[in-house]
Structure formats: C-alpha cells, structure tokens
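Okay, so chain A shows up in both of these, paired with chain B first and chain C after.
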Partner chain A sequence: MASKGGVRGGNKAAREFVSEAEEILETMRARLADLSDCLGAGAEADPDLVNALFRAAHSLKALAGLFRFDPISSLAHKLEDVLDGLRLGRVALAPPLCAWLDETIALFGSLLGQVGDAAALAGSAARIEELTAGVAAITAPSAAPDEFASLALDPNVLRALTEYEEHRLRESLRRGRHIAVVDAPFEIKTFEEGLAELSSALRESGEVLSTLPSPGDSLESQIRFSLLVATDLPPAELAARIEFPGAAARTVRAGRAVPAAVAAPAATPAQVPAEAEGDAPAPIPELESLKSISDTVRVDIRKLDDLMNLVGELVIQRGAIGDLIARLGGRSETAKIGREFAKVHKVLDRKLRELQSAVLEVRMVPLRQVFEKVSRVVRRLRRELGKLVDLEIRGADTELDKLIVEALVDPLMHVVRNALDHAIEPAEERRALLKEESGRISIDAFQRGSHVVIEVRDDGRGIDRAALRRRAEQVGLVEPDAVLSDKETLDLIFAPGISTREQVTETSGRGVGMDIVRSNLAALGGVVDVESTPGRGTAIAITLPITLAIIQSLIVGVRDRRFAIPLNSVLETLVVDAGAIQVSEGRSLLNLRGTPLLLRRIDEEFGLTASARAVRPCVIVVGVGEQRLGLIVDRLEGQQDTVIKPIQGPVQNLRGISGATDLGDQDPVLVLDLSALVEDALRRREAA
Partner chain B sequence: MSGAAPTHPESWEELARAASSHRSSPATAEALRQLLCMGVDGAPYAVPVENVREIVRVRPITPIPRAASAVRGVISLRGEILQVIDLRLRLRLAAVAPARSNRIVVVQVEDGRVAGVLVDEVREVLRVPESAIGAPVAADAGIVAALCANGGQFVSIVDPERLLEVGGRA
Partner chain C sequence: MPRILIVEDSPTMRSLLTSSLEELEGPVKIVEVASGFEALRHLPREPFDLIVTDINMPDINGLELVSFVKNNAAYRDIPLVIVSTERSERDRDKGIGLGADAYLVKPFEPEALRDIARRLLDDAE
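Moving on to the complex of A and B:
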C-alpha cells in the first residue's frame, strides 16, 4: 500500500484508546438519559441502569489507567465512586446528581478530544477539580434509618451482607416487597448446580438479595444455604412455586399488600433440571465487565479504506487481464489457450465481485446508532423546552456506509432540532388549533435503489412562505418583483442567511442554517428536499448514496476528455440530433416526451475547446433528489465499476467535480459532481 | 531499473543509497540536513528529504478544469489521486516539451497534505551542514525559503508548505 507516513496516522495506542473510550461514553450517555427519564417520570432508579453505568465507569477507569491518561483516569475514579454510592444507596438520585453526571460525561468527551495534546489536557485539570469538588455537595447521604432491627433475621445474616446487598434489602423494604428466607440443603458434591437451580427458580418470582451458607442441621454429605429473597408474591405462593427438594421458606417481613403469613415448607421434589444452569447464583457486576461478551472486532475505518483500495486495484488489474485475453483470442495460434484463460478469468471475476461486496458489507452499519443519539437529544430538549413531543423512529436497521453515517449525524440533528424548536407549537397553541396536544416528529429511513432516504416529518406549524419571502428580500436574495414558484420559495430555506425566527435560541440558532445542512450533505453526494403544508407540518427528505466506496459509473467523452457520471443518478441516456436542442432565454432545452428538460453542455461548463463536438451528441438525463437535468456529452464510452477517490493537492473546491477514478490505464478520469451541476444550472435559471 | 542514465536516478531507494555511500565528513559534529536536489530550467532546487514521499516517472496527467495554471492536473498513483504542480510554472518559467528525465516528486507536509511536483530532473540527495544554509536573495515566486551553498553553486531550498499552497490563493 502507499506509504502514508506516521504523521497522519498518529499514535495507534491513543487512537484505540479513544475509540474504545468513546464507545463506553456512548453507552453511558444512553444509560444516563434513561436514568434521567426514570427520575423525570418519578419512577425508581432502575438498579440495572445504575449497575450498567457503574460498570461502564469502571471499565473507563481501567482503560484510562492502562493507557496512563491520568486526568481521565482520576475523573473516571471519581465517577465510579459516585455511581458506586448511588448503586449502594449511599447517595440519592436527584436532579443535581443527574446534572453532575451529565457534565462529567460531557467533560470526558472533550478530554478524549485532547488525548495526545498534553497542554490541552493539562488545561482541563481545573475543570476536573471543579467537578470533583462540586460532587460532595450533591451526594449527601440518603436517609437510612435502621429498618433492619424489625426484621426477623439472624443478626449474623445481617452482618454478613455486603453493602450492595444491604442497599437492595433496604430498597426492597422501602418498596414494600415481601422479604423471605429460603433455606435448603444441598449435596456437597453438586451444591453449585443445586444452588443455581434454586436461585433461578426464585428469580422468576423475585430478587435474590443474598446467598449465605446456613448453620442449620443437615446430613454429613450436605450443606445448607439460606437465600434472602425479596418478592412481590405472598410468601406462601412463593414457597409453592419453588419446587425444590427440602427447601423451606419463611417470611422475614411481610409486604404491604398481604398480612404476615408463615410459609409452609415446599413439598414436591423437583425432577426437571434447571434450564438456566449457567446462571451465577448472585449478580457480581464488577466481574461481568472484565470478560468480553462480544464477538465483534473493532476496526479502524482507515484499514477498511486500505482494504477497499486493494480491492479497487485488483478490479483494475482484472480489466487489464481481460484485454490480454482478448489479444490471445485474436490470434489463431493462441486462441485455444486464450479460451482456457478466459474461463479462469471468469471465475476470478466472480470471486472478485464477491470480495468487493464482502468488503463493502463490512463498512455498512445500521442507522440505529445515529437515531439513538437523535432520540436522546430530543428527550433532553423536550425537557428543556417544556414541549410535548412524541418521537417515532422507523427503519433504524437501514444500513449505510460508516463514513456516511458519521457525517449524517450533525445535519440530521439540525433538522430534528428545527422541528422541535420552531415547528412544533407550544401545547396551549396546539390546543387552540384543535391539534393533538402532543406534537409528533417521525423519522423514517428506507432504501430506494442505491440510495437511502431519511425523512423527518413533523405535524407543526409548517413553513410560513410569506415570512420566508420577506426575509429573502431583506437579505437581498430575491428581488421584490421576482415571481417564484412555491417550490422555489420553499427552497429559500436552504439559502445562506435565512432564518425565519428573529430570536436566536440555544437549540437551533447557532448560526448554522439549513444552507450548511444542504452543503454538508452535498459533500456526501446527498440531497435535501423539503415539503410543507402551512398549519399541518413539514417533511424534510435526505437522500444519500448507500456507499461512497465502489459505484457503477457511466464513462462519457466530451471533446478530447473523459468524465465519469455516477450511474445511480442517471435516469436515461438519449442520442439526439444537434438540431433537436432548442434554446429559450439563452438556456438549452430538450423536448423530452412533451416536458422541457433543462440542458447543460459539459464542455461549456468546464471551458473545454480542444477538438470538435460530435454531430449527434448524447444527452444524459440525471436526477438529483427531485430535480432533473440533461448533460450534453459527445460520446458514451461504457459502464464501469469505479472507486471514487478524493483529489489530493493544493486546489480545493473543484466546483462540479467530486473526485477522480482510475479505470486501469493510469489515466485518471474526473467524476462529475451532479448535485453541484444541477444546483448551478438551477441557480443560473433563477438568475436569468 | 536498467535503462536509466546515471544522473537520473530511478528510485528513491537508489538515491538514499547513493547519499549514504558518500558520507563525506563523518568527523563533523554539526547536524547535517538532507535535501533532495532537483533541476528546473538548468538551476538546482531542493526540498528537505523528510518531505519527499516518493519519486515517480511521469505518467498521464488528466487536466482539471478551472484550476490554477501551475496545477497541471491529476495523476493516479496506486489508486491515490494526486494533483501535480509544475514547478516550472510555479516559478513562473516558460513551459517546455516533456523529456525522458522528467520526474514527479511526491511531496508531503506535516498536516498530511500531499501533491506531486513535476520537475525537469532529479539529481541527488545533498547532505549539507546548517551553517551552509542562508536567507534567500529575493522571493518573487514566494516559495524559496533559503539558499544553500554547494560546491560553488547556490541551491534554492523550496518551502514545501508554501509550495503546496498554490491553489485557491495563487
């Protein structure tokens, strides 16, 4: 592979650390959002969530320690302490604590960005200290009266409980669950299986708080265990459910719902072996984080790029071999070996295609992650803005190239924020309009050919055409007397300098408008279309190619040059007489089955003058989003798999060119940027 | 690598070997800088070797429309598409017919930006002490950062960063 040098690559260990840490942070953000929701809904903090957060913080600390990133590891340590406190009930879950966790995780995010930059890391030390110091105030211990005294429990059992178990016991008492002790003898040789069987049976009806050896009478070959259980079932029913030989349950404390009842010993011996044999008798969260439960491999996307490059080179070589075979076949003395060669080539060709799609496959990731991020932001915003909004997400399994997914996050987030902030009316206003009080935003993703469409729909106030028009006139984008179609008016939201709301809000008024959304997506070969009904809502559709890696291209000749046109945007190709091209107001038009099609000449577009034009030119009809354009070229040279590469070098912003591709003859062919060409053609039309 | 004239080394490895074989002054304690010396219009120009990624023979160059004139176009180098800056044009010298000795020097700078630089010929790797390097006389093309005395001749040392900035602003 081309030697890319170490400069760009950076420190590999640091990169791996960052990517792994980011993944952990991502998990933490998701859990924290769920936890805040629990809190917001007045529900209990789900112990599973708190445990998951604790484990994540623990892994982060271990990871940072391993890589010797001290600021991160000390902050992770603090975070782990706080979460441990929460887990053990030493700290109460309250809004300030959630805010602290939010801030701490955000700080982690920015610390990760500073990895490798010692000065910046040192600069963050003050912020770390501030957060560390601030936590003391919000982690006041939760009130814990001694409720255990009233329990009919051996004090030795109470003393043997770990802090976590004690916390779970206290929590269960607070919720008014029944507390019971289940005693059972086990054969020493097989007690582990027996214990697992009993535990899993008990877990079906409640929570096993603790498992302790019990001193009770038993045969020589046996050992007794006591399991402390919290359950919503009345103890008698619990006892009846656990079909375990010799097991006895007694109530330590009756729950609120049912008066105290002494449990009867369980009767029938169980013959059915427990299903969940692998189940550990009690949860040991600390240990779970140590073993890897996933069979996936994390790969740097650049490695996949390299792999893709290699495949691209093989594809090019395949073409060269094809040419050689044709030459062998053309001469009678080599025709026979040529035919055999051709057979082998065919197999090679098929395998190469399989390899190509396998490599492409690896790059594909579902949109789920992006959608989860969006839904988290929506949850946060709706709390902050106090708006009632339901978010519906469909098609999260739709897959896209990893690089495209990454670049999609910001534009999509922006569109959704706009909907939430500007489009959805406050609840009172919606009531007055006889709309459902709660607004609705839906995100739909689906595949359409070699593209993926992501549609964001809201049922808000819709785009105010008149206000948009006024604003466009104010900033000088539109002449006061200009006549615009409805579509052209709506398209003004993508023009720079337009914001239909005067005040700048924290949510979507950061000076980044829909123009940035459109240009960011265009850089990925994507387009944005808008539709809006006043009073009813707006739909923004983002169309993106599934992959940027290998695409089918149409190779065309324009005078003495060649260009590649991505085939997925080509609707049809026509050969026309030069006379069929009409001109109206200086614009070339073609009558395409009764509809005027706007035309652009590629040679004029790029100022090409060498050699002559063809007498019968070709018109390539391309579609970009909802727009159509005919490109006039001189020749069609064929269709080919192309790996589109960025053009490296000093000249950037090559308008109308999205990259270049090597077709195997070492003579690179420029790839046309259709979104830019269409946009320019339409702009010229508006200007005309 | 057989048919090449000795003055036009074929590969980077060959140049590096040549450079290390006549290590002239092992006694000098002073740091030596290694420069790749290239001929343009008969005059010697140089770039620091640490900025040279590789040297390749001239291959088909596809012109890019509407680009700055010093950028001749793009080449494909093992699948990478690189712009090629014509050093002659960048130095505001007249273009000449291509010759067998022409080479494309692939220059890379700190932040990873990379481009091909078309030169008349590649000569050798110079090892010069820091003390032999001085300020340039004038900088009308804006890319010569220093001069270096080498056997009675001055070699113009080109600043790779500035060389690669030809685009938008030039």
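Moving on to the complex of A and C:
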C-alpha cells in the first residue's frame, strides 16, 4: 500500500483530479477573458486578476503533481511559472502572452479529456513541448529585490508577506503611492462582514496588499486586522474614508504628491475610484473570488423529499386525467375534445416523466463516500487486529438514492467487519493452508436493471456449515432431524441469535449479527444473498433498489381488493388454469417449464374471502435476490407509477405489506412486501 | 483524542490531508476548513492540538495565519505545519521564521506528514 505521492486507486483519483481541474480551468478562462479586456482597453494588468490566475495555475500544478500525470504536470508547471513572472512583474502582459495563455488553457481542457488514456496523452506531448518552448520568447529575466527596511512598518506585517505581496509592495513604492496601515478590531464571530466592508472601502481608493490578523483585546472573542494599503489618496483623505468604528490609519510611507485624477487611471484600472459613479459600491473582490470556487449547491435532503412527494402527487393526478380523457373519448359528443385533450395530456406526460427523472437524478449520489468510509475502517481494523488484508473496491461510481446510500453504511460495514474479523485467517494460519499470506476482501458495486448489487467477497475460511447447523439446533431454530439444503443451511446466518464464533470480539461485537443486516436492508427494499465455499471464502451480495421514491408497480386484483407489486421484482406473469396448480403436502406448486415454482395465494395470505376467485387465476413470478416465488392473484389491472408512502397507524407493522399508494382514484392500494412474502414462503417450506 | 485543524482551499488536497492523518495510530478528530477566515472563526471553538495549513489561500494567506496563531497567547502553543509547494523558498523560510513548527512540500508522502504529526503531537503532550 505504498501510496507514493498520495496516488490512490487510479480511477477515483483521476476522476477527482479531472473534476477539480475543470473547475479551476473554468475560473482561469473567465479571468483570462477579463485580463484580455484590460489589455484591449490599453490598460495595465489588474494585479487581482493576475493573482487569481496565478493561484488557479498553482492549485492546478499542485493537483497535477499529486496525481502524477506527467504531461499535465509539466504544462501546469510552465503555466504557473509564466503567471508567477507576470504577477511578480518579471514579465509584461502583451498580446502574445495572452494568446499563449489562451492556447495553454485550451490544451489543458483537451488534456483533461485524455486522462487515463495513456496513448492520447502521449500524442499531446509534442503540442505541450511546442507551447513550453514558445513561451521562452515572451518571458524576461527577473528584477532584483528591493528593501523595505526604511518603512515604518510593524515587522510582523512584513514578515507575513508572501513573495507576491512583497512584489506588490515594491511595485507600489516604485509608483510613489502612499503606503498606510489600517488597523481595526472585530468580534471574531462576525469579523468577515466588517472586514469585507472595510477592505472594499479601501479598495475604492487603492490596493489592499495584505490582511494580517492579530489577537484582539479579548484573545478568544476578538480579533484585530492590519490591512497594508497602497493608495493614491493623501493620508488625510484616506483617514476620512474609513468610517469604521475603532479603525485607525497610519501612514507608513508618504507617496509622491501626484494629482489623484492623473495617477489613478494609469495605476490600476480596475480600481478607479468609485466616487465618480456616485454611491454604487464597487464589487467586493473577496466575495467575487469565493463565488467562483464552486457551482454546486448543497441541499437538505428533506427538501428533495418534499419535491419528490410533490412530483409523486402530480404523477398520480396525471393518472386521474388519463381516466377522464378515456371517459370523454367514450362519448361521441365529447370525443373531439377528448382527442385534443389526449394530445395535451401526452405532452404533459412526457414533461412529467422528465421532471420525475430530473428530481430522481438530483438525489443520486455515488457509492464512493460509503466505500471511502469502509476503506478507512478496514485500514484501522487491520492494524488493530494485526491481520494482513488487501481491500479492493470497484464500481464506486455506481449511484444510488442518497437515502439508500446513507442507510447502507452500517449494514455494509458490518459485513466487511465480519469478513475481516472472522473470515480472514491470521497470517500464520494462511501460510499453513498454502494460501497467500495477505487476505483479500473485495467490494464490487454494479447496476443490474433497476437495482444496484454490492458484493463483498473474501478469500477467508468460508462458512462452517456444520457449526452453523449445530448452533441453529442449540437455539432451537432447526429440529435435529430436519433436512436442509445447502442454501437453506447457509441462510441460517441471517437468523436471529446465530453466531458461529463463540469468541466475542470488539470488532464484530456480540449478538448484532447478519439478522440485523438483513432486516435493515429489507426496510430499504433490499435483499442479502450469501454464497460460501469452505476454505475458499464467502461472498455476500446486497441487492438494493436504485431509488425508493417512485416505482413502477403492477396493479393486481385479488377478490374485491387491489394490491401493488413493485414491477422491478416481477419476472413474468402467467394466466393458468386452476387445474395446473398442484397441491402437495400443503404447498401449492406450478410446473414452470420443468422447474417447480412455489406458489402463494394472496387472498389466503391476508384472509380475504369477499367475492369469488377467478376461474383462470394469474400467477405473478417474482424474484427477490436469488429466490423465486409465484403469487396467485385474480386479475392483472395494469402498470402504474406509484409513490409508496409508509403506513401510519394500527396496520403499520402488518407483515407482507411495505406501504400504501394512491392511484389517483382516492382508493388507497396496499403495496406487497415481496421480501417478507418470499421469506415466509421459504420458512413454511422448511417447516413443512 | 487529538484534534487537528486542516486549513486548505483545494478540496482534493484537503481530503488527501485528512485521509493521511486519519491513518495515524489511535483516534483523531479532524476539522477541515477551506480558508484562513474559517480557520480564524474555528480556533476559539475548540482546543486544537495541531494545525495544518496551506500558504496560498483566497482570503488571508497561510503566513498570516501562522503569524496570528503564534502571536496569540491563546493559540501559540498549538504546533503548526505548513504544507505548500516548493514554489517559494522565501515563503517557506518566512513561515518557519514566523514560528511554524514544520514545513512539508506538496505533493507530499502521507507517511512524511504522519511522521511530522506524530512528532508534534507527542511533543505537545
């Protein structure tokens, strides 16, 4: 795990690099355009713009160096050099330099598109060299440093100046501007506003060279700032400008007496005094630069939930409008208007779908953050447990609804901890077994239809079925003479009260086992499957729906009731003769292309007896994880988008029902909880 | 539990600093801020055992932050590491001159940062 220079898994590092670098480039393009405007107007380079450009190039270089993309790194280095020369006054801003900067930034943009593609990057090398060589002609040797010793300045202010700020100070001295220090106290909780106000007032008449914080009268609640200012205003006028409580200006070096009206335009065009334009405040540079840092917005997930609910309700109303249109179309006198209505409805329908997917999209976050947390825990645990384990993560870009991602953390962490703590053998044991000394845990995430599968695999000792069985018998889960298939035996790890290791460890804790993992995931509509080979390892697959909010449902009729079945779990639907359903040992079975399919009758499940069963019932084949089950219903009533809402009140915990939905006709429909139905069916089969 | 304040405006660099320091032995609490101003606001809120700061930042620069910390009786005992590029030796010398306890060049070895952090955290105890 020697991560030289901080390079971690290529993909993730590359993506992060690209996204941050793109943001930086965007800032650079905007600043460069402003700079070109300066130049076009025949003015000098605005030092704030040049410095912003330099800072951007500097960040870019730091990033590029970090991720070891050599072509980008060398170009960023060059770009930073040039901008550094520009901001330190070593290089003059001229059209050829602007053109060079423009081309370099453009080349950067295309290089970013090639990250991860070694051949393409190599192909760009010539262009990089060309640009690197070309700039030599535009740059000039640096000037000798000045001395500030003669300034009546607090040494602390001088000591904290960066090289760039020193240059600005030198430059201001050369121009014969007045140099002053403005000192002001602030409350630490609110200093930013006051300071921004003061700085912007000062910037109207000059340049703020540095902003040095120092302790206030009360060390913890107050703070002082000393602003080093270069200005063309005479000291008296500067003092008059500062209408700030407690602020004081002190002249450090009196400038040459130059009429401000002449000096100002020649000095810094972006800082032409604002009084000419009346009271309009000049833009505050700090705020401006903060604004450009990011174009993302953080939103409270609850606001997105509200939005989702609204969209859900619209979806339902859309369904109701569809019914109305059908009724209009059914009568000759309204058929024409019905057809027109239908066209409008179609557009509405399409837009609504777009809105719905846009809202869903906003809620999607990559699994990366969860994986990073897991990875940190693994690193810590392997140190604590003294085990050699490599963790491999793939598919961290896979996206899921934010709520699901949040709820996934604990179950996933538990599964990984189990693997680390129980499954992976200590190094000596692995050596004795002729296994690689270092254990391996891999986490793979990938999308499968409307679900995301997260698979945790280890190459440890595997699940000891005999021990599992013994334990299950001990706690009375399984009768001693019961015959269980291999899968049924393995599934016992999800039963409450099972732990195959007697020894309790801090890592995996006591009692909280895979049963909690399974029930936590079931609450999200997820399922867990396990596979294990003794001596070779175990794989735990967690399957989760991509989103909870709006799902396509199959609406079915059972007797006089309707139910919704999440469509993403429906494998197929069949209409069968009642006679095709075989009953043996109290179980209903259907021969589905040679494989017996276990059946459940929904009416029996919920004790429905009103009105009669259909002569030719329908069988809905559902798949939950690896399990299959056929549900017997009387009618298929169609597919619909449904917004599932939790049920509040007495039937809240009715097993087999996961929520309720509203189809727009005011009649609530219960949503079947397939994982519970499947689980119960299997358990009953074991009991039988 | 040692508390570490990380002051760095680049999100990627910030997360790298954090993940490097999270691998220190034993639990640490890490507070990340993206600017010098945020750091100034954070300092009075909780006692820190280590400050890690960049130099080039949008509001006040890292040297100014060092100067503030080292001139403030309430904070001057907090060890401070500057993590910045090799760009300006002068800036580095100034940082050390202002009282920074260590200087690390970007891109850095996570283990080098941890070495410095361990040393500074141990010294403080």
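Just so we're on the same page, the second predicted complex is superposed on the first by the 388 of 688 C-alpha atoms of A that agree within 3 Å, B and C clash if a C-alpha of one lies under 4 Å from a C-alpha of the other, contacts with A are read in each partner's own complex, and residues count from 1 in each chain.
The rule is simple: contacts are C-beta pairs under 8 Å (C-beta built on N, C-alpha and C of every residue); 3 or more make two chains touch, one makes a residue touch a chain.
This is a predicted model, so every value here is computed, not measured.
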Message = Looking at A:G557, would you say it contacts chain B, chain C, both, or neither? Reply first, second, both or neither.
response = neither
Task = Using the touch definition from the top, say if A:N309 reaches chain B (first), chain C (second), both or neither.
result = first
Request  = Once the structures are superposed on A, label A:E20 by its partner contacts, choosing first (chain B), second (chain C), both or neither.
outcome  = second
Query = For A:G134, is the partner it touches chain B (first), chain C (second), both, or none of the two (neither)?
reply = neither
Request  = Using the touch definition from the top, say if A:F191 reaches chain B (first), chain C (second), both or neither.
outcome  = second
Message = Taking the superposition on A as described, I'd like to know which of chain B and chain C A:G607 touches: first, second, both or neither.
response = first
Inquiry  = Please report the chain A residues shared by its interface with chain B and its interface with chain C.
reply    = 3, 5
Ask   = If you look only at chain C, which of its residues touch chain A in the complex?
value = 9-13, 16, 19-20, 22-23, 25, 34, 36-37, 40-41, 44, 55-56, 58-61, 63-68, 71-74, 85, 87-88, 90-91, 94, 97-98, 106-110
Query = Residues of chain A touching chain B in their complex?
reply = 1-3, 5, 7-8, 309, 312-313, 316, 561, 605-608, 643, 645-657, 659-662, 665-670
Ask   = Can you list the chain A residues touching chain C in their complex?
value = 3-6, 16-17, 20, 55, 58-59, 61-63, 65-66, 80, 84, 156, 159-163, 165, 188-189, 191-192, 210-215, 219-221, 223, 286, 289-290, 293, 372, 376, 379-380, 383
Ask   = Hey, which residues of chain B end up touching chain A in the complex?
value = 53-54, 59-60, 62-68, 71, 74-85, 108, 110-116, 164-168
